[in-house]
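In the two complexes below, chain A is the common chain; its partner is chain B in one and chain C in the other.
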Partner chain A sequence: MTLILLTAIFALAPPGEVRAYDTPGDRGEAITIEWQLSQDDAVLDGYEIYRSEDGVDFQKVGFLGRGRTNYEDETDDDKTYFYKVAAVSNTARTLSEPTPQVISSPQWINRTKINIFIAMFLFGGFILYFIYHARKGKELFIRKIAGLQAVDDAVGRATEMGKPILYSLGLGYVEDIATIASLNILSEVAKKCAKYDTQLICPNNRPIVYTVAREIVKEAYTEVGRPDAFDPDSVYFLTDSQFAYAAGVSGIMVREKPATNFLIGYFYAESLILAETGASTGAIQIAGTDSLAQLPFFITACDYTLIGEELYAASAYISREPLLLGAIKGEDWGKLIIGTVLIAASIVGIFTKFPILDFFR
Partner chain B sequence: MKRTFPLILVFIFGIIGIITFIIPHPIVQNLDESIRNDILKILVAFALVLGLGSLLKVHMDKIKRKRENWKYSWILIISFLVSSIIGLFGGVEGAGPLRTSIGSFHFDIQTLYENIFMPLGATMFALLAFYMASASYRAFRARSYEATLLLITAFIIMIGIIPLGEKISPHLPSFAQWIMTVPNVAGQRGILLGVALGIIATSLKIILGIERSWLGGGE
Partner chain C sequence: MNISPDPWVWIAALLSLAIFSFLYKENPFYRIAEHLFIGVANGYAVTFYWHNILMPTLFDPLFRQGKLLYIIPFIIGILYFTRFIPRISWLVRIPIGITIGYYVGVSVPATTQAFIIKQIQGTVLTSTNFQAWNAGSWGIVWSVIVFIGVLCSLSYFYFSKEHKGVLGVTSRIGIVFVMIGFGAAFGYTVMARISLLIGRLQFLLGDWLGIIQ
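Then we have the complex of A and B:
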């Protein structure tokens, strides 16, 4: 009688509405278990998750602290599983009813990302629309970007002074978009160097970036009809170590005293070392990065800085190719629409109770 | 064909990159992982050989032509050869066939890395403090409206996050925090938004073959 009474007093309410389902939008091998908090959640240690393949023999597979309502279990695909969730305190444990059988399997479409995918397609559509117009010969207005307007002056200055131009692609890998954008700019700068017979120095931090950069410079020299002027040793691999690269490039700046330094790509802590050393040698410096942490350093120490998106627009801006300019125009329209949506959503969110944020989740 | 083949490859691999974003199925994900983890690593290995070859060639040429500071190139070449021999034949911690210790003096790759390479890297990193001071001096000179604004903001932040700030005014730390979390983050998000759109536009231009500067330009 006492035992029954004590059990009644110390028994815990089990977690409610336990359900298990194949985790949506994943590559399989996962089942999500959800439950509602036990009525005794405040006094619990947490929740234990039990799994069975036959619905009889349950094994513990996980534990979560109190206040938590879901758990993702690693499973084998195409196997049947049953789950129970137990509310656990240091003196008691109460199991829920078992869930119906559930099977995990891989999905072909991640529905949670469809909104981003649609937005990407719309944005892509804008770009293609403006490219189409540019192809038809429509004049497109692009705002002035000081850093890119200075490229011609910078190359001209180096030519007049008879000094080299240093081009650093940063520490990014070849798959980083900042590195790709920088390689595009390198192509345009190399063409100008080839045209004016100005020496180009391009020390690299990544072996693959080095091989691509070398080919780009070589092709640029060929395109302006100066393949003989291309020096294969002008583009070289320095080191893949961050600070050794900073030391190496700083050394080149001090010894060779380039008239112009291009620091364009993805940079880390070495950005300030390079920019300050370049500034101390009196070189014109044009920097560009999409690394937010390094932008203030470049803005401080360099003459011109391409901030974020300007870096991606550079190639089109310098080459003035209508098709590329069309893409920039599309980009600007994309920004206008996003800006409008953000302002409208902020107004709705601030002044009404409409759950506007749910649209963006 | 010299340009068409790379463009076709970029288109195929670019599309694979996009569809892996929305298709979680293992067939697609495993292909993506294989490209990133296996194929790229093999390419890096080949490129590394080319890279090291170029580095040696540049310095050998410098010695051969007796260019300015050519003697320093010997340091690079000797260091390169010594560390390569020790690394290849001595193993990482001296477990290879080459003996990498004389008595208690060890010169295996791990020891060289910990006692030469790391301190040199740390030294360069430490120099940042001095570069930061000189850059700050230049940035905070109140020559224009923007520079003055920057100087005032930096002063408020610096005073606001030290105990003295609270002694001056109890509101100063929270004001400094507000500057960091509201106007600063707003500016950063603006840049990030532009960066994200720029990334999509650049990727699209490259995948569709509109942007060809990475091929050296031309048709």
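Then we have the complex of A and C:
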């Protein structure tokens, strides 16, 4: 009798309005369980989540601390599940009512990403529009970028000194935008090397980037009519270990003494090692990356640094190719829209109660 | 002083010193350590990729479990080796095209969300984000500074016009914001590098020479 009385006194309020639903906009295999906090949330250890496939036999599948109101459960698609949520303290546990049955399934469209789709659609539209006009011969203006004007001088200097040019694509994977931009610049540098008969050294850190870089350099030599001058050993795979790569490239810098070092792509902690070693050999150094943590080191140790988006604009600036020029123009229009959206959204956000931030989740 | 009797500690310590010797100048000791480092790293990478990637995700499913669909990535992968046969070396462009196309498709939406959508969300001024800044009465000031900083920094990266007039002013303000950000990143990263050096010195003076605990 006393036990029943104590249990009644210390019984915990269960979590309220427990509901389970197929996680929206996903690839399936997930169910989201939501609930309202127990009235005793302040004294709880947390919430236990129970799952059943028949609505009778429930097994514990998860635990969350107090103050939490949702849980995502991994499931098998097309199976029926029921859920209960228990409010738990060190002395008591109170289960909610079971939810109605729920099934997980994949969706074709993730509606939460509509804003990204609109952004990409807009930017893509601008880029295609400007590429179309560039191809029709319309003059597209791009302002001078200091680091890129030095590319010609840098290649010329190497030619006059009879020394090689070193080009490092960094540690980025082939899908990194900085690596793709760097590959475009490599193509232009390789063309100049082919034209002036300057030796190019391109040690690589990623196997696939190496394969692409080699093809690009080979094609660049062919494009300027000097396929015979292409040295297959000029582009090679060094190692995919970060500091072994740094040690290797540093060794190449001091032994081969290149007249110019291009450090363009995505870099990590090896950036300063490479830039300082290059500076100590007296080489002209042109660096470019969109890695925010490494940019300060390049700025301090290199002669010219392409900061972030300047790197993306660089390949268009050097090559003047309609495809790339159109892309830069399209990106510029994208920036104008971002600025306009920022100002308009802020006006709405400050002067109205409209939940403007929901558009950017 | 309590010098370590462990030969592996000695090897690690001597190789560390060989790498450090580069600070003086390039020398045979550095060269040995450099070549050893690259060789070991490559050997390790080959075994790592074989045991952790090729075997479990391609060869086992294809040859042991008989999942024939895996023949497609197998053939695409094999095409990378065609560059060793000059007559059909052009085939290497197929896997390169597939790889770049796939990864760009994956990374562009993710980049758009992380660097554009989320950046806008963090910059837009609302009455609530003034409170959420949790910076007392200065919350409004910081929010406005960030807002102006983002707009001006954007203008610096606008390439379609010369930086003259209004654009010249905003881009100059923008590059000041960018450089302040880099200054902070520089200090933060240098601290992290110093901790790496401390770790190596602890190994040399502690694990190897036993001078410090």
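Everything that follows uses one rule, which is that the second predicted complex is superposed on the first by the 345 of 361 C-alpha atoms of A that agree within 3 Å, B and C clash if a C-alpha of one lies under 4 Å from a C-alpha of the other, contacts with A are read in each partner's own complex, and residues count from 1 in each chain.
Keep this in mind: a contact is a pair of C-beta atoms (placed from the backbone, for glycine too) under 8 Å apart; a residue touches a chain by one contact, two chains touch by 3 or more.
Remember, it's a predicted structure, so these values are computed and weren't measured experimentally.
By the touch criterion defined above, A:D303 lies against neither chain B nor chain C after alignment on the C-alpha atoms of chain A.
In the superposed pair of complexes, A:D45 makes contact with neither chain B nor chain C. Look at A:G28: by the touch rule set out above, it reaches chain B but stays clear of chain C. Of the two partner chains, neither chain B nor chain C is touched by A:E53.
Look at A:I177: by the touch rule set out above, it reaches both chain B and chain C.
Using the contact criterion defined above for the overlaid structures, shared-chain residue A:S187 touches chain B, although it does not reach chain C. Applying the stated contact rule after C-alpha superposition, one finds that A:I142 touches chain C and leaves chain B untouched.
Counted by residues of chain A touched, the larger count belongs to B, out of chain B and chain C.
Shared-chain residue A:Y210: touches chain B; no touch with chain C. Look at A:L357: by the touch rule set out above, it reaches chain C but stays clear of chain B. Overlaid on A, the two complexes show chain B and chain C touching the same residues of chain A, namely 113, 120, 123, 175, 177, 180, 208, 211-212, 214-215, 238-239, 241, 243-244, 247, 255, 269, 272, 292, 295, 297, 299-300, 307-309, 313, 328, 335, 338. Partner chain A is touched in their complex by these residues of chain C: 19, 22, 25-26, 30-31, 33-34, 37-38, 40-42, 44-45, 80, 83, 92-93, 96, 99-100, 102-104, 106-109, 111-113, 116-118, 120-121, 123-129, 147, 150-151, 154-155, 157-163, 178, 181-183, 185-186, 188-189, 193.
Remark: chain A residues 25-28, 106-110, 113-114, 117, 120, 123-124, 127-128, 131, 175, 177, 180-181, 183-185, 187-188, 191, 204, 207-208, 210-212, 214-220, 222-223, 233, 235-239, 241-244, 246-247, 255, 269-270, 272-273, 275-276, 279, 290, 292, 295, 297, 299-301, 307-309, 311-313, 315-316, 319, 323-324, 327-328, 330-331, 334-335, 338 touch chain B in the complex. Here chain A touches chain C in the complex through residues 113, 115-116, 119-120, 123, 141-143, 145, 173-177, 180, 208, 211-212, 214-215, 238-241, 243-245, 247-248, 250-251, 254-255, 269, 272, 292-297, 299-300, 307-310, 313, 328-329, 332, 335-336, 338-339, 341-343, 345-346, 349-350, 356-357, 360-361, going by the rule given at the top. Per the touch definition, chain B reaches chain A in the complex via residues 21-26, 29, 40, 43-44, 47-48, 50-52, 54-55, 57-58, 61, 68-69, 117, 120-121, 124-125, 127-128, 131-132, 134-136, 138-139, 188, 191-195, 197-206, 210-211, 213-218.
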